[in-house]
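In what follows, chain A forms one complex with chain B and a second complex with chain C.
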Partner chain A sequence: MPKIANHTSSLAIKSYIAVFSARFRTLLQYRAAAFAGFGTQFFWGLIRVMIFEAFYRSTTAPQPMTADEVITYIWLGQAFLVLIPYQGADPDIRAMVRSGNVVYELVRPTNLYFFWYSRAIAQRTAPGVFRALPMFIMAGLFFNMQMPPNIPTACAWLVSMLFAVLISAAITNLLNISLLWTISGEGLGLLLSSLTWLFSGIIIPLLFFPDWAQATLNILPFRYILDIPFRFYLGHIPPEEIWYHLPFQITYLIALITAGHLILTLGIRRLVAQGG
Partner chain B sequence: MPHIIVENLVKTFQIAQRQPGVWGALRGVLHRNYRQITALDGISFTIESGELIGYIGPNGAGKSTTVKVLSGILVPDTGRCEILGRVPWKERISHVAHIGVVFGQRTQLWWDLPVIESFDLLRDIYRVDHHQYAQTRDEMIAILDLESLLDIPVRQLSLGQRMRCDLAAALIHRPSILFLDEPTIGLDIVSKLAVRDFIKRLNQERDVTVILTTHDLDDIEALCTRVMVIGQGQILSDGPLENLRARVTTERRLIVDLEGTEDITDPDASVVLRDGHRVHLTFDPDRVATADLIARITAQHPVRDLFVENTPIEEIISRLYAENR
Partner chain C sequence: MTNALRLYMHYLGQSIRSQMQYRASFIMLSFGQLLITGIEFLAIASLFARFKHIQGWTLPEVAFLYGLINISFAFADAASRGFDMFGTMVKSGDFDRLLLRPRSTALQLAGYELTLRRIGRLIQGLIVFSWASYTLDIAWSVPKIYLVFIAIFGGACLFIGLMIIQATIAFWTTESLELMNTMTYGGVETAQYPLPIYRIWFRKFFTYIIPLACVNYLPSLAILERGDPMGLPVILQWVAPLICIIFLIVALQIWKIGVRHYRSTGS
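For the complex of A and B:
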């Protein structure tokens, strides 16, 4: 009997896909949460749409986006709210760090960063499945949400959306890794999620920020999570400009992953596995 | 070449000390006192392929720390460690592919998933080939009697059931070394025997090297050919169980059930315990032959029953701990 299993590093990706899909399936089970989430986000969206309609009726100054564009932008934000790491770190990892079960994560023949990153991608996508689609249908049919004007626009949107998911998951993974220091992870979680909340464009589209803030917004990675993909969707940014924005998205992604990797390596070195 | 080489391993932890009370908490913000705890204070040993080793010591002696260093989880301060030719914390990923670990107080199964899905997931994580996986899985299911548990979510299992599943989970990738950290903790006697039996078979039939830490000395007596005792971060004793016994004491016990309740006096034996008709005597077999002692006592007293046993291992261990305090 061969005692040692065959391990080839070329298949390493299999491990990550396995953990992603397990986490994805687990998250899909929370159907009650999905329906409740959809309900909340739908009504919240209605309120935001009404606020902007009132604003457009009363304003005479030229605005950076048309009223129709803003309405679609808002509905997109409601549909893809789960891209914002608003619940902080992965609750499973938090429980593992608290109980000490995290030691088992370290005896897996995988890179711990990407092991957790796979989970983070699942966490940023699975809850969206039952929210995004109904939101498109409801808002598209009844509340003036537009579809992308043409196919190149839709393609540019999809590409930037894909990287938005990866960037957001990398931020989520930073929160996961911070648990190795703080155990509960609430401090950093709150800070990072509020930053994302404000600077991704979910509260008000980033173009409505004052001019002096634009330079800062442009150098932060957060706008690549919602604002830039949404403006591609609207055709507000022409699709060929994907070649300008994509390198930025990739650079941010690499920077976030590299930073996370480094911090995790430090975290493991100082690890004190608690409880005997 | 030995499977496991450990030389002079040292691991210390810094622990922040908190002052009691509100004033202490405020002071703690500005200035913290750190206390250094030496969990491993220069331990060395080598382990050959196929050994089944008992690793025992009181709480806080450094057992779990050793297991965590050996399994690549913790990085030691100084010292050398090579397992199957690899340094665990430097080549963690290739190292852990060849070892299995069970921490008795934790589970590696996915809490919300049925047991079988955890096994499938581990197959993918360890990249075990499907054919080999099916074979290992079916063997484990048969030996550990898991058939009826496979579809139950892990959170609904009893501790004994969960431990059997955890053992199977640690072996899905057929490791050649298995670390078991208190695998029988909290188990009832039936589960304990099942776990013990399984460990023994694994070691004998598949030649898996097993390092077992436990507080249950019956585990050690039933399983281990070699026992390492650790206390305050140092190896106090290392060798076969008999050597450990011989090193601490050669004493044996004679337990006699008398017809009456009279006292037993004998120049070569002393009474350590008396419980109704039952008398526990200790004696040194080097000073008096067991047969002679029994003959003398049965000649002097009407005896219902008697038997000889070795000093309980608990007592040996506690003496060893006391010596090194």
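For the complex of A and C:
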């Protein structure tokens, strides 16, 4: 018996990997969109960098980050913008819910949550491939973007980045699941993606928010998508503190996946498929 | 002309009625929009709390620029949703239907939908603008009020013109160009701060090629009674927004060329 269970679970994992890689390769096809996206993000990065440069020219008062750190932080944000689910849920799942074809998803002999989750991971990574790399090259060569100062820093960054992808995909999957509640789900989904947008560090580095807001920002999971990984990259957080932040990232990830699972079960229970 | 205007009003009335069918969704979406732009402004305010000023401009002065450009953009954005959707219309062939009707295509697209939930941005722009005017204690006079109105009107013309140009490109690419968002959304972001903080080539781009400075920075100098480090003639501050009406007319001409070029995708 245990042998069979083992066999089926490894099969399931294989199927999730297959879903991920199929979706990943499909999304890689949109090269023109990726190129346009890079252009747009580059432009935004430029505006933000110039604004911060002007702010730093205007003061001598000590700031929570140095000008160079902020500039690299901004470029990182533009390079990894795709980690923020600001465009909402998976368009294919949206179409399936609209058309009713979503019932076919229920027939599959896999766990629907992880089936969609695998797609979500692809959605949060593939479009970034053709954006992040040129951003590092352009901003690194011409606009003062720094590399991580040393190897341990880079390693801490990579580890926290990996979990950032997983957390962001779990939030994306919540957006997917909220589609099952059509109208009201749309509002809640928008709220969730807005919160991610506001409190992940993309509009300003989180340390620049007022001191009274810091405690709240610290308990939200959103800072683990961009802010914390970026500060590891800069060496602003020492690499050994990964052992402090990693447990939080894992906890948030488990909590988001569990919540998604529960909500999906509820959503399926109330799903009515119209025949015809 | 009056007939066209009446039809346009009718289009807008229909659009509002259809959106009001989902009242809860409408309220939630516009509240969400208000919340986002509100917190984004809070982010700007917290930068000023730490840096005090940006090259001599204080928070209320920047808030004045911010409010003005967001009001303009909210009007433009609500009125040009049809042009925003245009890429998909070309792809699906739905644009053919518009060509069959005995009215100009630009009118039909402009009346496509008045996106009400953009009202969140408008309200927020008005709040920030009022707060800024109140805090700065502006000595309002008739010419200054006139300037505010033409600045908003000119700004709306500029953004509608940009969105029309963006849509026109779709005649050739059958794909709406995301890159053009840098001119619209990027323009709003840029104009929220005084132009002299940017690098020279960037300033020149948003003054001479895209006349963004004309609807925001220049009229604000006149209203706030500030000197211009860029050294443009003072008279320009009072008439600059009108340049954007010309910009819109040019954009409409380019649109006409595009329509003539149009070949249905056949789908």
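Convention: the second predicted complex is superposed on the first by the 263 of 276 C-alpha atoms of A that agree within 3 Å, B and C clash if a C-alpha of one lies under 4 Å from a C-alpha of the other, contacts with A are read in each partner's own complex, and residues count from 1 in each chain.
Criterion: contacts are C-beta pairs under 8 Å (C-beta built on N, C-alpha and C of every residue); 3 or more make two chains touch, one makes a residue touch a chain.
Model, not experiment: these values are computed from the prediction.
S.K.: Could you look at A:T26 and tell me whether it touches chain B, chain C, both or neither (first, second, both, neither)?
M.R.: Touch status of A:T26: first partner only.
S.K.: Where does A:A255 make contact in the superposed view: on chain B (first), on chain C (second), on both, or on neither?
M.R.: It touches nothing on chain B or chain C.
S.K.: In the overlay, answer first, second, both or neither for which of chain B and chain C A:L133 touches.
M.R.: neither
S.K.: If we overlay the two complexes on their shared chain A, which of chain B and chain C does A:T59 touch? Say first, second, both or neither.
M.R.: After superposing on A, A:T59 lies in contact with chain C but is clear of chain B.
S.K.: Give me the intersection of chain A's contacts with chain B and its contacts with chain C, in residue numbers.
M.R.: none
S.K.: Taking the touch rule as given, give the residues of chain B at its contact with chain A in the complex, in rising order.
M.R.: So the residues of chain B in touch with chain A come to 13, 59-60, 64, 68, 71-75, 92-94, 96-99, 101, 103, 105-108, 110, 112-113, 117, 121, 124-129, 132, 173-174, 176, 206-208.
S.K.: Taking the complex as given, what residues does chain C use to touch chain A?
M.R.: Interface residues on the chain C side: 22, 24-25, 28-29, 32, 35-36, 39-40, 42-43, 46-47, 49-56, 175, 177-179, 181-182, 186, 189-190, 193, 197-199, 202.
S.K.: Report the residues of chain A in contact with chain B in the complex, numbered from low to high.
M.R.: Going by the criterion above, the answer is residues 1-8, 11-12, 14-15, 17-19, 22, 26, 29, 99-101, 103-104, 106-111, 268-269, 271-273, 275-276.
S.K.: For the complex, give me every residue of chain A touching chain C.
M.R.: So the residues of chain A in touch with chain C come to 32-33, 36-37, 39-40, 43-44, 46-47, 50-51, 54-59, 61, 63-64, 183-184, 186-187, 190-191, 194, 197-198, 203-204, 208-210, 213.
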